[in-house]
Amino acid sequence: MHGQEAQNLTRKVAGVGASGYSGEELIRLLTRHPTAELVCVTSRSEAGKALAEVYPKFAATRYAGLCFSNSDPATVAESGASVAILALPHGLAHEFAAPPLEAGLRVIDLSADFRLKDEAIYEEFYGHAHPAPSLLPQSVYGMPELYRDQIRDARLVASPGCYPTSVILALSPLLKRRLLDTRSIVVSSMSGVSGAGRKADISYSFVECNETARAYGLPKHRHLSEIEQELSAAAGSTVTINFTPHLIPVNRGILTTIYASPQPGVAEGDIAAAFHEAYDNEPFIRLLGGRGYADIKNVAFTNFLDLAWRSDPRTGRVVLLSAEDNLVKGASGQAIQSLNLLCGWEETTGLKDK
Amino acid sequence: MHGQEAQNLTRKVAGVGASGYSGEELIRLLTRHPTAELVCVTSRSEAGKALAEVYPKFAATRYAGLCFSNSDPATVAESGASVAILALPHGLAHEFAAPPLEAGLRVIDLSADFRLKDEAIYEEFYGHAHPAPSLLPQSVYGMPELYRDQIRDARLVASPGCYPTSVILALSPLLKRRLLDTRSIVVSSMSGVSGAGRKADISYSFVECNETARAYGLPKHRHLSEIEQELSAAAGSTVTINFTPHLIPVNRGILTTIYASPQPGVAEGDIAAAFHEAYDNEPFIRLLGGRGYADIKNVAFTNFLDLAWRSDPRTGRVVLLSAEDNLVKGASGQAIQSLNLLCGWEETTGLKDK
Amino acid sequence: MHGQEAQNLTRKVAGVGASGYSGEELIRLLTRHPTAELVCVTSRSEAGKALAEVYPKFAATRYAGLCFSNSDPATVAESGASVAILALPHGLAHEFAAPPLEAGLRVIDLSADFRLKDEAIYEEFYGHAHPAPSLLPQSVYGMPELYRDQIRDARLVASPGCYPTSVILALSPLLKRRLLDTRSIVVSSMSGVSGAGRKADISYSFVECNETARAYGLPKHRHLSEIEQELSAAAGSTVTINFTPHLIPVNRGILTTIYASPQPGVAEGDIAAAFHEAYDNEPFIRLLGGRGYADIKNVAFTNFLDLAWRSDPRTGRVVLLSAEDNLVKGASGQAIQSLNLLCGWEETTGLKDK
Amino acid sequence: MHGQEAQNLTRKVAGVGASGYSGEELIRLLTRHPTAELVCVTSRSEAGKALAEVYPKFAATRYAGLCFSNSDPATVAESGASVAILALPHGLAHEFAAPPLEAGLRVIDLSADFRLKDEAIYEEFYGHAHPAPSLLPQSVYGMPELYRDQIRDARLVASPGCYPTSVILALSPLLKRRLLDTRSIVVSSMSGVSGAGRKADISYSFVECNETARAYGLPKHRHLSEIEQELSAAAGSTVTINFTPHLIPVNRGILTTIYASPQPGVAEGDIAAAFHEAYDNEPFIRLLGGRGYADIKNVAFTNFLDLAWRSDPRTGRVVLLSAEDNLVKGASGQAIQSLNLLCGWEETTGLKDK
C-alpha cells in the first residue's frame, strides 16, 4: 500500500466544514495537488453554493463548480472519498469524525478534539468532558517530524494547532537530548488575525485589529495543553511553561520567540548539533542558525517553518525564533503532509511551491 | 522659580533636528502646548523650508510658517530659546548639546547620548568612546515617575528610549520592593516601524514591513544598557535580562510582555500593591490590573502607558504587559513632561488630550 | 444669544447611540472641548457600563466614569442637556429625534434621516417611506461652509455624510459659479473601513479587508441622493453624477478624486479663483492648489479637508482631489462645528488640535 | 519549432536585473515552471550572493544556490540561455537588450523601453530621446490577449506595464467594436506599493504609506503613453483619456475603475457580448459581469485579471472594474505567458496555481 505502485494512485478526498480559513486554505492546496481529488466540500452556512461563488478566487480552478453540501455526516460517508479532512470548530468531533471512520474512511481532523491523549486535561482546558473519549486511543498527533511512521498507518490523525507547531518543532530536539532546564521555558508568540477564524466578531474587525497589538488568553491558553503534552513527551518528564499569544495586524503568519536555560555544561554547539541532527533531512524545516532571523514574509503561503537561534552569554539563556504560516504549516499544509503519508504519496506532494 | 507665579510664564523652545519622527511628534505636541513657544526648528536636510512645506499636516497650525534653519549650534543659542530639545540621531551629543548649555539654555536630549552614567558601558554597547563624557555627571535620566525632583532642576535631561520606558516603568516598582528574582527577567517587545526613524532604508519600506514580523538586534540590543542601568538602580544590585525587540506592521506603538519569577513568599496581592503604591497618583500611568490587556490602540497618540499583570500559578511567574506610543510616552511626550517640570509648569500641560 | 457674552457659557450635551465609531469620535472630541459638557451617553448594547470600560482609551479623561444609559428617548430629554447629538444608524430618526425636540432640546443628527429635503428621493434611495416627514422642513444641512447662518438658528441639524462632505465641498464653489458642465461629473472615492461602522460583519473583518481593495454600492449608493441634492442646489439645476465608493485598508480617511469638464471659456485661473474666494477664510479647508496632493495622513484625526486640483490640457478636464478624516470632518468633527454654531461659540472651539 | 514536439523541450532562461520586485516575482514563478530552467540571474547590487541569501524565501527551491552575477551583457549572452528576461529599471534598454539579441537570444523586456512604437511619444513622456530606436520596429507588445500570434515569433517582447494591463484589457474589446465615445474615458486606478519598485526612498517607507492614500503623477503619468497607444490601436482612432493613479497601503494589486459613455444606441447587452466574445476563451481573464466586484484579494499572487461592469442608467455611462496582481498579470506573470508562447509551450504553463 505504501510502495512505489501506490504513489500514482489518485485518491478521493472530502473537505468537511470548509468555509473557514483553514478550509479555504485546504481547498487552495488541494487545487494544486496532483493526486488528491476533492470530491466533496461541506459547510452548514454555504450549502448549495458553488465553490467559486463562495470564494471567487477559486473561479478558474478545477473545483470551481463543486457545490458545498450540508455538513451532515452521511454526505461525507457517501461521497466516495477515502479520506475526510475535517476543518470544523472545536467540539464537533463526535458528530463528524465517527461516521466516516465507521464507514471506513480515514480522517484527518484539524480541530483540537483528538490532540490530547488525556481526557482529564481536555476537560481542564476546554471546560467540558471530552465528547468522544473512545476515539482518543486510535488518534495520532499529526506532526510528521515527530510521528511520521504512526501517521502512515493512522485511521484518525489529529492535526496540530498553529501555535503548538511553532513551539513544539522549536523545542522538541533540545528536550529530547535533555539540553534544557525544563522549568525555564518561556514562550511569546504573535499571530495573524486569520488564526481567530472566519467570524463575525467585532474583536476581529479591521478597525479593531489594524494599527494595534495585544496579548490575550493569559495565563492558560487552550493550546498550552497540547504544547505541554508534546514537550513532556519529548523531555520524558512533565514540562510546564509560560505561553503568551499576541494578535498582530497581518493576515497570516506566526512568529514565536522562546527563551530557555540550557542545562549546565551544554555548549552553543550542542544546540546547533541537535537541530541539524533532527532537521537536516526534513523537507519543511529550514534552519537559519545564528545568521538570519525568522521572518513571516519568508514563510507566508508556504509549508515551511523557519528556525533560528541565539545563545546569550550574558544570561546564559538560548533564544529560539520560529516562523510559519499559521494556515499552511500551522494547519492545512501540515494536514496535507499527513494526507500524503496516509496515501503513500511522497510527503511533499503538492506542497513545495509557493 | 517653580511657584504658582511661574506657571503662567511662556517660555521659548528650540527643536533641534526636527525632521525625524520624534521631531515631528515634538512639533505636533508643541502646537497644542499653551505655554511653550516654538521659536526655532533646525534640520540639516530641510533647512530653508517652512514647517508646513515639510509637514503639510501642520499647515493650519500656529507654526506653519516657521522655517527650518540649519542645525548649527550657534543658531540655537541665538534663537532666544531658553530650552533646546534635541531630536537628533545618536552620537551627535557633543556637537549639539554643549553650545546651548554653554549659552545658558537648558537641554532635553532625545538621543541615547546622555542616558548612561558609565562611559565604559556606553563604549561596550555603542562601539566607540563617549564623545562628551564631561557632560555625563550633570545629566538626569528624564523619566519623571522615577526622577521628578532631579528633572526640575536639571540643566541636561537625557530623555529615555522607547523600549526602556515600556520596560523600566513596568519592572521598577517590583524591583524597588525586592519582589522579584532579578535573574529571572525575560522581556519580549514589539514596536511599530516609526521606532526605526525616518530613513531611506529598504528594510523599513512598506513592502518589506507590511504583512510580516521579525525579531532583530539579538542578543544585545543597545537599549539593553539603559534598561539594565535603571533596573539595577531600582533593585540595588546588578540586573541582567533577556530582551528581544520585534518589528510589527503598525506605524506607532510598543507592546511589551515581561516574564519574571517573584521571590519566595511574594503573593499576587504584593505585586498589585506595589503597582498601586507607585502609580496611583501618576498622571500618565494607567493600571489595568488583572482585568484588561494592554493594547496599543488605547494609548496611540497619547502620553499614557497602560500596565496590566497576571500571576501564573502553574509556573509561579508573573507576566507584565505594558503598552505605550513609542513617539509620545516613549519619546516626545515624555520629553514634554520634562519640559513642563523644567519650566515649573503643571507636568501634564499640553499632554492630556488625545 | 450669539453674542460675545454667550461664548463663555458652558452647555450640556447628550450623546445618543454613542457606541459606534462616530459616537466614539464624538466623545473623543468632547473630552477636549472647553465649553461643552457631556452629561449623558446612551447605547442599547453598552447600557450600564462606564465609558472607560467600553473604551479603555478614555480611561483617564474627565468622562471616564460616565455610564451609558439605555437609548430610550426619555433619558435624553431628562438628562439636563440642551443639545442632543444622535450617532445612531439610519432609520431611527422618528424614535430618537422627536422626543428631545419636543422637550426643547436642539438636535444634531449624524444619520442620513434628515438630510434629504424631498421625501420621495428618500424613499427612492432608502427603499422605504420617510419615517418622520414632518420634521424635514425644519432640518438644516449641517455643512457650515454652505449653511453657516441657518445652522446658528437651527433646532434640527442634519449633519452631512462622510462621502458627501468630500464631494460637495470640492464641487460646490465651481458649480455656484457655473464653471462646469454639470453632465460631466465623475467621482471616485476611497474610504477607510471605519466608514462601514462598528459591526460584527465578516465583510469588514480584518482578513477580508486587509491587503485588498474593492468598489461597492454601484451604481446607486445611498449617499448619491445627498450629494446630488447639494450639487443641484449649488448649480441651480439638476445635477446627476457617477459616484463609485471603494473600500481600502486604512482605519480612517476618505480620498476623493473628481473629474469634470469646465464650460467653454473657463480658464485654469477661474478654477483657482473660485476656490480661493470660497475658502480662503474657511478655518477647516486647506487649499493645496496645483502644488500638493491631498493625502489622508495629513488630515487624519483632524477636522481639515485638504483640496488640490489640476487642469489637464490634453482632455480639457479638471481633476479635483480632496482628503478628509471620515470620522472627523466627515462626521463628528463637522457635528461639533455645528454644535459650536448652535451654542454661539467660536466655530473652531475644540477642533484645532490634532 | 512551435509544434507538439517542442512542447516538452526545456529551455534555459536568464533573469537580468532580478533584485527588484518584478525580478523576485519572476524567480518565484520560474521556480514552479516545469519546462523553463533558470540558468543565470544578474544584479549589480547583489552580485556574488546566492539567491537564497538575497531572498531567504527561496531557500528550499531548486534555485537556492544560483548566484547573482554582475549585470554585464556578456554574462547573459554566455549563460547558455536562449531567452533573456530583463527586469531592469526604465532606460537601460540599449545596454542590456542589444547584446543578447545580437547573440541570438530572444528577449522579453519588463521595462517601458520598447513598448512605444513612436519614439517622439517616448521622448514626450520620458523626457529624453529613445536610447535604441533601431530596436523598436522589431518589438512586439507582450499582451497575449491582443498580440498572441506576433509574440510567438517575436525576438523582442515589450512586456506591458501594470496599470496599462488593467486598463487596456478592460477597454480594448469595447473600443474594437466601436461601442464607446472615445472622448469620454476617465480612469482611476489604485496600486499597491510594490508598484513603486524596491527602493530606498522615504516616500515608500512603511510609515509614509501605511494608514494613508494619495494620488500622484497628475496629469500625465508615463504609463498614459502606452495606454493611449493601445487604446488608439483598438479604436482605430486617437484616444486621449484621463488617468489618475493612487497609492494604497497594500503590498500588491491594482484595482482600476473606468468610466465611459457608450455610443448612442449601444445597449447593456452589447457591452456584455463584447466582453464574452473577446474573453470567454482567455485563460487568465475572468468575467464577473454585473454580479460581482473586482477585488484584489481574489487575484493576488495569481495571473488572473478579474473584470466586472455596470451600466448606470442615470448618467448613461458604463463603469468597468478590473483587478490584477501588479507583479503577476501586471508584470512577471504576463512575461511568463510570453515566454511560454515564444517557446512553443502551452500558454498557461507554470501559471495556473496560486
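The letters A, B, C and D name the chains in turn, as written, and every chain counts its residues from 1.
One rule holds in what follows: a residue touches a chain if its C-beta (ideal position, glycine included) is under 8 Å from a C-beta of that chain, and two chains touch if they have at least 3 such contacts.
Note that the structure is a prediction, hence the values are computed from the model and not measured.
K.L.:
Using the touch definition from the top, list the chains contacting both subunit A and subunit D.
P.N.:
B, C
K.L.:
Relative to subunit D, which chain's C-alpha centre is the most remote?
P.N.:
Following the centroid criterion, the farthest chain would be B.
K.L.:
I want to compare two interfaces, B-C and C-D. Which one has more contacting C-beta pairs?
P.N.:
If we tally the C-beta pairs in contact for B-C and C-D, the bigger total goes to C-D.
K.L.:
Quick one: report the Å distance separating subunit B from subunit D, using the average Cα coordinate of each chain.
P.N.:
From the centre of subunit B to the centre of subunit D is 47 Å.
K.L.:
Go ahead and note the Å separation of the Cα centroids belonging to subunit B and subunit C.
P.N.:
Chain centres of subunit B and subunit C, defined by C-alpha means, are spaced 37 Å apart.
K.L.:
Rounded to the nearest whole Å, what is the centre-to-centre distance of subunit C and subunit D, using the mean of the C-alpha atoms as each centre?
P.N.:
40
K.L.:
Could you tell me which residues belong to subunit C and also touch two or more other chains?
P.N.:
Answer for subunit C, listing residues that touch two or more other chains: 208, 210-211, 249-251, 295, 297.
K.L.:
Which of the residues in subunit C come into contact with subunit D in the complex?
P.N.:
Subunit C residues touching subunit D: 183, 186, 188, 190, 208, 210-216, 218-220, 240-242, 244, 246, 248-253, 255, 257, 259, 293-297, 300, 310-315, 317, 319, 321, 323.
K.L.:
Would you pull the subunit B residues touching subunit D in the complex into a rising list?
P.N.:
Going by the criterion above, the answer is residues 21, 192-194, 198-202, 204-211, 249-251.
K.L.:
Taking the complex as given, what residues does subunit C use to touch subunit B?
P.N.:
These residues of subunit C touch subunit B: 28, 31-32, 56-57, 59-61, 211, 283, 286, 288, 292, 295, 297-299, 301-302, 304, 306, 352-354.
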